[in-house]
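Below are structures written as structure tokens.
Across the two complexes that follow, subunit A remains constant while its partner is subunit B and subsequently subunit C.
After this line comes the complex of A and B, so read on.
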């Protein structure tokens, strides 16, 4: 086994690096990419719960991200709510929609579940584009304010106007997501999810209510997708129906599959590595996606468990060799 | 009487897989269901364990009518089963498989909020589960392999683990679907021994098997099926002497 991946000090180092990032970013543009990567890592981690651990390919993840984004946008602009009240309500709405849709959709399996959720994604985009009164139609919603400042007695307040403060805000939510995913995945509850992915008939036979377990995984995944979407809307300040589009879903999918499904580090790695790679491939203009297509095929053939799986395998091999000689 | 099937019928389209079978399993015994290929044995197991719904008939388990229940509901009432082809969670480790076999016994251990908060009840349930898993590992002789991936186990070890998954939840009744199918003699003996050991701890056993010698040796009582119907029932010696059974297995005696 690769010991340093399991050692606490390794994560302490990563955490320390994450905390001092703002002091080393060269410019605002790169900083924005890092903030967005943290945000998208939340989305990727939550997709990983339903896709990687539970084995149900949801293609509506972008739609739930969009529901969260519209939730925060509508509640804070039209209704004038505080961001801190709007965010949980938006995330819960996303989870609730997941519950309503999941009850019939999760009765289907494999490709049929993927198709059912794909349709849901399209419906959300269409509603967002046409319910002009609520969503502003194709123009979307503009002028969404950044998260409200948190007052602290005696000292003053924490405001979220600067990039640095927004970075720490997103980082805190990312850590919360990692914490909850970690608790879930390394527990008997998480094992029941993996059992369903591995062998659904046997899972039923050992007494797992697979319908309920799949539903729980789906609802939790959609809660965090909605939460990420809500933060996104607030930081980016204007949204349009494209926020719920299939492109967002496939970005999440790429992060999860290339980073490494069914691991906690994989989706985070994917969410950071791919946008950076995308930046370096800017010179290809419209043709970057071809490179991604080829990369995806290569990774799926040669390391089906993604970059994270590849790294683990490689280090295990090196370790074995060293032990052998 | 632990389990009772009354006038069970199962049609698949036009095919009659199980035709008016009535049988019962008494508490503490080892009951074998035998019959030639296609006699309806596995379908009968699927009906009992809730994988299929019977077309008609009634199944009673510990006095409760469980006809038409889903398999996870039946499993939670204390009936465990193994599958014909070794069915394990092959992407997971040995201990994970046992934990999954145990999970229906715990409510706190799989509670969502308790899992997130690591509540005291959750921790206590986890400790109980770990003790039970260790005990079962010892019983099936897989302590050494506890942390290995299932895919690295030998055939015999995998078979023992599948029995462990059924056993770890302390069921009243275990249904074994051809527990020694495809195994070499040495492994067959080992599994036979293990099933007897399981029975001695007070668990009622009902099994489907082809290997006559093993059955004659192991079972207290035998039910014989042919073409979906029950043709004989009784102690091993009685059944072995029954002309209808001999005919079903060996074909009709030529009139000389």
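After this line comes the complex of A and C, so read on.
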């Protein structure tokens, strides 16, 4: 087994690198991509919980991201709430909606669950596009404020106008997500989720309440999806129904599966690797997406467990060689 | 009453195309247990190939349909061989990623070749009939007639020919089929050829009625999936009934209730049906990989 991937110092180095990133970014454009990658990593991590660990392919993840985004947008613009009050409410609404739709949807299995959630996601997009009074219809909501400044006695306040401060904000939320996912996945609950993924009938037979466990995983995943969406709305300042679309779901899905499902590092790796790859493909102009599509197929054929799986395999091979010689 | 009959007619027309596309999808699922999310995009490519043949190569409508069907059947075989076969023993969710890759290539390939804007194929049967107060255009009648004929032919092929029986055998039990000497690879290719060929014919038939565009595949592919799930994945009668039901819901919902929310009703109906019967209307207990 590869040792340095499990060593603490490795993660300390990564953390230190993440903290000094703002001093090394060449321009605002790249910085924005990094910030968005951190944000989408939160969404990918939460999809990973329900998809990677619990084995339920939710295709409504983008919709819950969108619900969080609309939640923050509506609460801060129409009702004039502070971002810090709106964000938890939006994330909780997303989780609550997950609970309501999860009860009937989780009765289905496999592809049926995927399609049921796909339909639920489409309903969210259609409602967002047509309920003009609440959501602004196809035009969406514009002029969403960046997160309100946090006052600190004696020193002043932390404002979130600059990219650097927004980066640290998103990084903090990403770390929070990683922390909670880590605690959850390595707990008894996490083992329950994986038991359901590996064999639901067997899990039920050994006395696991699979419906309840799946529901918990779904609700927690949707809470974090909503949270990511809420932060997204606040940073990007205008949203439209496309924020809840299937495209967002597919992006998350690609991050998780190409990065490596059922690992904590995989989805984060995916959320950074794919946007970087897209940037490198820019020179292809109109043919960029075609090459991207081909790469997807090739990567999934040669690294069926994603990039993380590929890296682990490669390191294991190198290790074996070294042992052998 | 006239409006009602008219909407029923339109619903049956829509439903026939949905059913043909969904049939292909359900066949593939029955054999390979993979969700071929690129199916709608193969349908879209079929419409463009037909458009190319009619406008650039300048051959008449019927030969164009035949050539398109044959070409796209080959395309289906290539898709299975390149994207799905290497993943057969992996988790089906990986096939989903391969399908996403394939549909990105197809959609953007078509955009690169023909541009993102819509195109129109001239209507080969502009005649309009008036029956019982319903206006029926020749092309729409044709869609229904050919749709029903294709469904019957497919059913006959599967039930009455040896080649068709191999498809059913592999769908029922892959290992058992291998034991009696059926070449599963060949059957997979055959199934993809039939599935994609059917979708291409459906695309050629409706292309003169609706505009063709690179994004037409995504929505149809999704609806075909909904239909298969509604009827039960892998079930042929399920796909046919599911297609007709969805076509009618859309036509009647669009005619009588708000047209902006008609898809909400269609999707909502599906979620409701699944909540009551989690394996679809005609589906058996899910045993499979996904």
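Assume the second predicted complex is superposed on the first by the 324 of 325 C-alpha atoms of A that agree within 3 Å, B and C clash if a C-alpha of one lies under 4 Å from a C-alpha of the other, contacts with A are read in each partner's own complex, and residues count from 1 in each chain.
Throughout what follows, contacts are C-beta pairs under 8 Å (C-beta built on N, C-alpha and C of every residue); 3 or more make two chains touch, one makes a residue touch a chain.
Just so it is clear, the structure is predicted and the values come from calculations on it, not from any experiment.
Applying the stated contact rule after C-alpha superposition, one finds that A:300 touches subunit C and leaves subunit B untouched. Shared-chain residue A:257: touches subunit C; no touch with subunit B. When the shared chain is aligned, subunit B comes close enough to touch A:208, but subunit C does not. Once chain A of one complex is fitted onto chain A of the other, the partner contacts of A:271 are absent, as it touches neither subunit B nor subunit C.
Counting the residues of subunit A that each partner touches, subunit B and subunit C differ, and the larger count belongs to C.
In the superposed model, A:216 lies in contact with subunit B only, and not with subunit C.
Using the contact criterion defined above for the overlaid structures, shared-chain residue A:290 touches subunit C, although it does not reach subunit B. Of the two partner chains, subunit B is the only one that A:199 touches; subunit C does not reach it. The contact surfaces that subunit B and subunit C form on subunit A in the two complexes do not overlap at any residue.
Residue ranges of subunit A in contact with subunit B, taken from their complex: 180, 183-184, 187-192, 194-195, 197-199, 201-210, 216. The touching residues of subunit B, counted against subunit A in their complex, run 49, 51, 70-72, 75-76, 80-81, 83, 87-92, 96, 99-101, 103-104, 106, 109-112, 115-116, 118, 126, 129, 165, 169. Those residues of subunit A that touch subunit C in the complex are listed here as 51, 57, 101, 104-105, 107-112, 114-116, 118-120, 122-123, 126-127, 130, 250, 253-254, 257-258, 261, 286-287, 289-290, 292-297, 300-301, 304. By the touch rule above, subunit C contacts subunit A in their complex via residues 29, 35, 82-83, 86-87, 90-94, 96-98, 100-109, 111-112, 222, 225-226, 229, 233, 260-261, 263-264, 267-268, 270-271, 274-275, 278-280, 283, 286, 288-290.
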